[in-house]
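Going by the order they are written in, the chains are A, B, C and D; count residues from 1 in each one.
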Amino acid sequence: MTAELTSPVRLRATDAPDQPAPTEELADLYRGFEKELLVPLWTEIGDLMPPHPRSKAMPHRWEWRTLLTLADRAGHLVPVGRGGERRAIALANPSLGGKPYASPTLWAAIQYLMPGEDAPEHRHTQNAFRFVVEGEGVWTVVGRDPVPMRRGDFLPQAGWNWHAHHNAASRPMAWIDGLDIPFQYGTEAQFFEFGRDAISDEERVTPERSRSERLWGNPGLAPVSRLGRTPGTPLLRYRWEHTDRALQDQLELEAQGVDATLERGHAAVRFTNPTNGADVLPTIRAEFHRIARGADTAPRRETGSSVYQVFDGSGRVTVGDLSWTVTRGDLFVVPSWQPLSVTSEASASDSDSGALDLFRFSDAPIFEALNLSRTETEETH
Amino acid sequence: MTAELTSPVRLRATDAPDQPAPTEELADLYRGFEKELLVPLWTEIGDLMPPHPRSKAMPHRWEWRTLLTLADRAGHLVPVGRGGERRAIALANPSLGGKPYASPTLWAAIQYLMPGEDAPEHRHTQNAFRFVVEGEGVWTVVGRDPVPMRRGDFLPQAGWNWHAHHNAASRPMAWIDGLDIPFQYGTEAQFFEFGRDAISDEERVTPERSRSERLWGNPGLAPVSRLGRTPGTPLLRYRWEHTDRALQDQLELEAQGVDATLERGHAAVRFTNPTNGADVLPTIRAEFHRIARGADTAPRRETGSSVYQVFDGSGRVTVGDLSWTVTRGDLFVVPSWQPLSVTSEASASDSDSGALDLFRFSDAPIFEALNLSRTETEETH
Amino acid sequence: MTAELTSPVRLRATDAPDQPAPTEELADLYRGFEKELLVPLWTEIGDLMPPHPRSKAMPHRWEWRTLLTLADRAGHLVPVGRGGERRAIALANPSLGGKPYASPTLWAAIQYLMPGEDAPEHRHTQNAFRFVVEGEGVWTVVGRDPVPMRRGDFLPQAGWNWHAHHNAASRPMAWIDGLDIPFQYGTEAQFFEFGRDAISDEERVTPERSRSERLWGNPGLAPVSRLGRTPGTPLLRYRWEHTDRALQDQLELEAQGVDATLERGHAAVRFTNPTNGADVLPTIRAEFHRIARGADTAPRRETGSSVYQVFDGSGRVTVGDLSWTVTRGDLFVVPSWQPLSVTSEASASDSDSGALDLFRFSDAPIFEALNLSRTETEETH
Amino acid sequence: MTAELTSPVRLRATDAPDQPAPTEELADLYRGFEKELLVPLWTEIGDLMPPHPRSKAMPHRWEWRTLLTLADRAGHLVPVGRGGERRAIALANPSLGGKPYASPTLWAAIQYLMPGEDAPEHRHTQNAFRFVVEGEGVWTVVGRDPVPMRRGDFLPQAGWNWHAHHNAASRPMAWIDGLDIPFQYGTEAQFFEFGRDAISDEERVTPERSRSERLWGNPGLAPVSRLGRTPGTPLLRYRWEHTDRALQDQLELEAQGVDATLERGHAAVRFTNPTNGADVLPTIRAEFHRIARGADTAPRRETGSSVYQVFDGSGRVTVGDLSWTVTRGDLFVVPSWQPLSVTSEASASDSDSGALDLFRFSDAPIFEALNLSRTETEETH
């Protein structure tokens, strides 16, 4: 089979620093390499093994209102059903070749469901979550457990769980989906399976609290019938009321002199798996950050990438050389090892507190599990 | 020094099964063993290495009303202060030689504080918790964080944390303390240190929610400023309202056909450390069990011992060959490998639900950490 | 900045199954998506979320003799020094666009050092190892510890350790390097640093046993001065004499009726980190397999990819639809979820035992750490 | 049942510091406590919760020659067989009431087997090991795998494995046994089961290398057929030749300026479980220490107790207030939190190296697993 193969390898003997002299013999050697599907390190090392991560991705911001308008148009033009599976529209990083990748590892999409619509049941090894920046009425059925979704709620779902969505409200609803699709695509780990064609009537009820919340939604309490560590969290809904209270408490404790915030005026909580205290999903970290009115954050960079969505308030975000004003719903991506800093800049239309609320997700668990995590904070405060 | 030592070893050459013939030579050998501080296995193996655990402890029940009466008398006779440290009165298992041990590893005591009294600050490596079967008004100051205590609350405290108590109410208050004192005494692990002579005025306030609850008391949320696994839980109060709701939810889910309870009519939650999902304390497990009206539990035995307190309701408890009727506040101990079964028997004076609510603590984490855990359930249902 | 950006996104409204009807409105919507850097899931799901991994990589075999000939020519034409760093020539999978990737996650290269040459000191976060299929005389200086390399030796080296090579022999020497370069490139985790310009005379000695072997090379013994788990192994050389003996012992034990082999006639050892019993490197698994004369292995597929090198013997290898005869030194790659089976076919020139000896490395620790590991074995025996 | 119980509790109202005034009312209260099986903390706290561990055990040394003489006499008087199970004679700490406990957690015994004798098969949850200070010819059959025992060998055996001994030599053989019998007795964890009445002829062979060594006895190599972490080590023999070489290498590396020893002139290795890098047994740590001729060790104390046996050389040992000269075979015990220091004092009869070689075992894994470990070293060097 290798006889007829046209080698994709292309090598050029060039007169460049750190390269061997471009003789005819070298050119001949390179032809041999090409024929035998070989590539020398010395022509590639600068790109392959840089002094620090140089992301192929760019920092970028997407405006929520524009996304929502396009999603709404899709709501009227594109049906949801078997095959297409979801009316999800993904962020494509400007420098990743038009692929639906927010970063080299993360997928972020707006999903849109019309009144009465169902998104069909399926399961996949990709780890996923939903985060709701506005609206309500949809619930997600995970393993036959209907889980309501409301503004501020974070709904993680570990790989290989059956799930479907249903919009029980009289208005369309949008939310964002985060998955590790690019990571699993790159490492070639993924499995996918179609589920039942329709969800049952029992699953269409709208419970105030899902089964998962009733079993796992009490702080520090584990059901003895369900012990054992699971790689993904069994808690399917992290309610806004708890997140909001935790952030507010951190700022109040800071005001009382308790060391509770990440830095001055910067409260943050991490969503965790109650069975092991680790991240909610094996490959995805999710956090909520609140920057108090007028506060800013010290520039900080990390290996791995993050996507943020503004939940409330307004501010100015700087990532590497780029900077944007952001407001409710806007999304932005922070590539690996690019420094991020944020300033909270309350505008007239913002809520009373004037704080900038940011939902964040990242690929940090991958880096931590594999001993590849590195962080650098510029000490400016 | 060994010359004048009188050996404590005493050996007798006897005419017994599995023993060498009691000759003069053997007696002489035994004298040699005694002199040299030696003991043969063959005279001891029956006791030392039994086919299964035969606890030195007995099953026993203590009646709460009696305990409370004696504690109240102590409240009027025995001051609390430096030296004595606590007005705590411990359960002494009837077959452990009058030592203040509920079981060979566990300490359980009623603690009693008069209005306005303080119990002085100290710290110790012994892991501890408080559980409140009735009353309120006392709070515990742990690391300068005042933590209120109310009926049904569970308040764990890992070793080596500074702590003191203060009764801000106008009535005495009693609660139970559980510690691993016998275990640490037996293994000789323990350290103890006196703290400040008085707690400050700032620590005498009565906050509705402690700092620890504000940082750690939201389901699945960890403060990013306090990441990292800790051997003991950072959450200092597990509120009754959450425990109660979790148990009720399990029974309701069971009624809906969801596999949520431990066995039919038997709901149970375990108190866990949110930083790692493990037990709240490195040596102590704590759980809350609710046996629905009329339900009973299958006889079950485990390596290691437990102490139970009836929180509400009435019932019949059988441990090995003993059996008692129990009601609110009563305590009982289950020695290692003794089978326990419980029947909920609502009496006229019990709450509407008729359920039997049991708080339980045990030494199970020791056995699990050391690969010594074993459990046997008689399948009767 | 986004104004002048030409979007890389290209979408086509087509008349295809599972796609919305290709109306003008849809085309207009797609233009909007392109402009706003958005990509819908429904056009991509087939490729992005397949029913099982469909590797971009192909199975492929490289013949050692051809590689060695080209490496030798490079030895005479291409200097080793600062900038190029190593005379390493990497396998380029035929369907990965000419990139120096054996698989989407793994780098495998032949490295070649002329008599007396040094490869300069550097360090990088990429995890690496060397495996020696023939020759001797080179040693690797890791953290100033000179480690000899001989036929059959496996020499792992966790990320961020300083290292250099030196050929003290009078003949060139070749070996293979394995690294996680593609994985770290894809996730953008990598750091690299140049070391000293020259290694010292003390480091040029040729010790029979390296410091690391003297500290860590005794079975089950850890130096008390160096306790603590490390993500990569502290043992820098796994000697052939141990590997060979372990494989031979497994086959002999199998013959005695002990369950010691992986399957009939198939012995296998995994190289492990003595500080934690896990894989030698956080991202790379390494194993040695011996297929007894005439034995074959059941077809088996796994998530993740592997590279094999024939250490000794001959055989027939089948990966998916491709099949090759292999002999000493030949390398082949098994992409994710492609079934592999191997038959040992002794030829006249093979060693007495007639066994087929295979060195293998893979990205399995990545998949196991992230709960993405799956394996399927066809039961044919 | 409680009615007729005579309480073992005895309390005295005394005129002592930190005690309530000894009034008649107090005496009456104490009678109430006794009747109800209660003990107050304030009378017990000084003993129960001391400022640091005050061991009930004493430091003590046993002379090997005396032990051996008595064991030999037992060899002629006491048969080995079902019921007595083993001709093992345990060290009884002088201040532990004549119990066969070297310390509150550890059992140490000399075991003696006559030529041709068998010790019958049994299993127990107690973790055990054998260490051979002199002689050879016995092997232990663990799970039907005969394991030879020679001078310097360490042979661990995790709980619940079937095992028997057989002396194939023409002379008696002695060795020491270490177990966690007192710990498991105190926590009431133990199970015991009798095995077959006789071991088979196949098990009476004398292999040079046991199955367990052939599978697990190569540094850093794990059999792929036996993966998975096990709480106890699968390697049943740690050979003297490896231990000796590792210690000698540490001292040689120290001489070359490498940081390899624990302190100047003090080499030490820990026996570890290759499946997880942890201690060989869940409750027992085993180490080998070599103190170079003329070197001494800094006083050091730890929570938990240790037993040492002199393997070779002579020296002076100080534990707390006691001090002894020790020579080959002598055993001594170091109680919890008692400082130990050792000086190597070569005598004319000692080996050429003049080093003092010490085998040590301790209960440290219990303390580390439960977050109770503490160490203090007096910095004298």
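In this section, contacts are C-beta pairs under 8 Å (C-beta built on N, C-alpha and C of every residue); 3 or more make two chains touch, one makes a residue touch a chain.
In this text, all values refer to a predicted model and were calculated from it rather than measured experimentally.
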Most distant chain from chain D by Cα centroid: A
Euclidean distance of C-alpha centroids - chain A vs chain B, Å: 44
Geometric centre distance via CA averages, chain C-chain A, whole Å: 30
Gap in Å, rounded to a whole number, between the CA centres of chain C and chain B: 52
Residue numbers of chain A (touch at least two other chains): none
Arrangement of touching chains [line / ring / star / complete / other]: ring
Pairwise chain contacts, counting only pairs that touch as defined: A-B, A-C, B-D, C-D
Residues of chain A defined as touching chain B within the complex: 209, 211, 214-227, 229, 233, 235, 238, 242-243, 245-246, 249-250, 252-253, 258-262, 268-277, 280, 287
Complex interface listing, chain B residues touching chain D: 1-2, 5, 7-10, 17-20, 23, 25-26, 29, 32-33, 36-42, 44-45, 48-57, 60-62, 66-67, 70, 73-74, 77-79, 82-100, 104-105, 109, 124-126, 158-159, 181, 183-193, 231-232, 282-283, 303-305, 322, 335-337, 363, 365-367, 369-372, 374
